[in-house]
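Naming follows writing order (A, B and C), and every chain is counted from residue 1.
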């Protein structure tokens, strides 16, 4: 970034703010189609380089596999067939894909319902203890995922915490079937992705100027109106970010349905995982993955457009 | 401080109660987890009695402690790298419009949509093809690769709507670009960076699939150790280590809060 | 290093004209990778490049085994006796082991795949032959483990432990239990039955029940099995290969399709749990020690294998993990409780009904597709 020791005189109000005597560096930079292009690229370079080397290139190899076939013992035979893609879009997987979207969607809505008030509270009422509250959210996740899930199993199972307490209180006479159901899978997803929703929301809400809220109230607005017309629009980028960071990984999640799910809660992540492991059909697994990725990327594009957050796209 | 009208105070109460419930939800399994760390049984299934032996075993269990150390090393380094790179990239993407920025914008979402197993396998194949032997370094590289996007998305959400006139005002007052960035923009970005960093840390700490495929001989992390135990029983020793982590982080938290308080000024956008 | 580059160039040119296996392709991609990762390449070389420990003990050994599948003092004793430092990493499924090796992960001297996985790995050229001159204790094995269907003569594998896949059941909740796969279709216990997630294991159950060969490649038979499994699906709690152990122990699952040693863990937690080998037959499996193709310390690995085949060492392992040992000479050192347990060491007439799962090559796709339909429907 430029570090010109310029002898700047404050420019008169109204004039273009950034007028200064160009230093050596700036003149050098201006040769390259304008400084913003250069600076931006310098800032982006490490990230893009990293992603290209360690993401795009390896993925290309896998992409090539998706046009191949399965060797007799599970190696990949290269080829140029689209058969894996046709298979990927077969009606067999439609319920699985729809189910994955549904589970992830419900979990996203739930995390929003839980996370928004939480983020709001920390941002607006947190005060000095803001970061404490934030870290408190993350604290449970500095343990092992597997153990947390086992603990949920202990809570939800037939003779688990919930059932035992409810029957002791006399609320139920027979244990509720909470585990290995769509309910437990959605619960697991909601729980696991709560931070993914809350943190972006917080980042966005935190910059809310509290005086705006007070002003609105001074002008006679009630709380709901303030929320809908002031807070929500201002925190929209956070909502968009949160929903993306929750929904997308949730769709591909396979551990949660594995551990907490039943025979009919298969999600697309499980299917893809199976292809790479037990079925040893990497070609098909790749095709499935890339198909899913394409659907998601297209979805993201339209979603972000619609929410008007061009800043995010 | 202006006295708030009564309905505002009520709202805060309702909100507080709700938030307390959310925290209760977050910590429900943790309570069970802590409890079961004292379970006198080799498995995590049924309560068989109280014992402290798992803590004793933990202290003597070299491999598990090594695994934890590896996990922390990787998570810390990767988080720092990803957060710095991601923050800069997010800044660049929000601040500058240029030819090709659309492509970069789209590229950010690709790591998010890739199924983990595909990423893990692809990266391993890539390392193998390039003749790179697996090590803690390759793990860090792998983790950073999937963490950056999360940081970028969060920081960008924060940056959205950033009032550029603040930057311009600073420069009018004599600051150069670098100083402006440091003293005006960066503090504004800070909550986003912290949020992104926290999330990135957790992503790295808990990662299994990508780590499994890209770990070299002897590079066991805690998730790898735990998942490999699944077949034969995840002993309460893992609960014990989790409790240890919780206690340690809570202590850090308490300490940092104390220090903050003692420094006198109420810090608004503060560091750790 | 120049030699390797030449090899790569040759392969590159060759590869232009023939359909290549993925290994070859990866090498071709490697030349591209070379350009990009020059430094990484250099870093990669110089490590344990060749198996030069062919006739000498080295001071390092890298073992990749199932978790908790070894007695507590097996490795420390080996380390002391031979002056070797052992790195012991774990995995928990054959499939992830294979996927990792297939993608090129290297550095392990010993891996312990299950029987059908040995076949797969041989076909994918991932293993190297064992120099049996260095493993004289191989004589200690039972004859049946010297001539396994997947590796007769132990050219590539030395058995570690073996077991069966049967039914873990809750004696109190299932008072009318009889050792038959039909119990897994009993509607009385709907919601408390689980099946494994391994494709071949699941189909084996149905095929046993139908009286067919579990290694059939007859599409009609496979479909029949699939229909039977579809009938079963609504009765299941879920498909799982590990949580059933805890579920049996906590009385959540009353009939579990499971591996013998796993069920015994549940038995240790819950006295009401038992294990049975159904009368229609069951899968017998054996995990074996193998040496991956690029193992850096081959001789040391063979020394370890020989050490494990000592009677006392083999017995110690069985006594700890409660699986059966393939080591005949170890019998005198094994806990009588284990030796006498018919579920661990089945009597001859039960043994006759046990079948190995074999890798079926091309025909695996039939099973994969049928299983996909089963899970998705």
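What we mean here is this: a contact is a pair of C-beta atoms (placed from the backbone, for glycine too) under 8 Å apart; a residue touches a chain by one contact, two chains touch by 3 or more.
Every value quoted in this text rests on a predicted model; they were computed, and no experiment measured them.
Which two chains touch most often is answered by the contact tally, and the pair is A-B. Distances between chain centres, each the mean of the C-alpha atoms, put C farthest from chain A.
Distance from the chain A centre to the chain B centre is 13 Å, each centre being the mean of its Cα atoms. Note: centroid distance chain B to chain C, computed from Cα atoms, is 35 Å.
Shown for chain B are the residues in touch with two or more other chains, namely 44-45, 121, 125-126, 129, 227, 230.
For chain C, the set of residues touching two or more other chains reads 26, 29, 33, 36-37, 93, 96, 99, 246-247, 250.
Touching of two or more other chains is recorded for residues 57, 61, 150, 276-277 of chain A. On the side of chain C, the complex with chain A involves touching residues 19-23, 25-26, 29, 33, 36-37, 93, 95-96, 98-99, 102, 119-120, 123-124, 191, 197-199, 233-234, 236-240, 243, 246-247, 250-252, 359, 361-362, 364-365, 368, 371-373, 375-376.
Residues 26-27, 29-30, 32-34, 36-37, 40-41, 43-45, 47, 62, 64, 66-69, 87-93, 96, 99-100, 103-108, 241-242, 245-247, 249-250, 262, 265, 268-270, 321 of chain C touch chain B in their complex. Across the interface of their complex, chain C is touched by residues 53, 57, 61, 64-65, 70-79, 92-93, 95-96, 150, 153, 157-159, 177, 179-180, 258-259, 261-264, 266, 270-271, 274, 276-281 of chain A. Across the complex, chain C is touched by residues 41-46, 48, 63, 121, 124-134, 212-213, 216-218, 220, 224-225, 227-233 of chain B. Contact residues of chain B toward chain A in the complex are 2, 5, 7-8, 11-12, 15-16, 18-19, 22-23, 25-30, 32-33, 36, 44-45, 85-86, 88-89, 91-99, 101, 104-107, 109-119, 121-123, 125-126, 129, 141-142, 144-145, 148, 150, 152-161, 168-169, 171-174, 176-178, 181, 188, 191-192, 194-196, 198-199, 201-202, 205-206, 208, 222-223, 226-227, 230, 234, 238-239, 241-242, 245-246, 249-250, 253, 256-257, 260-261, 266-267, 270, 272.
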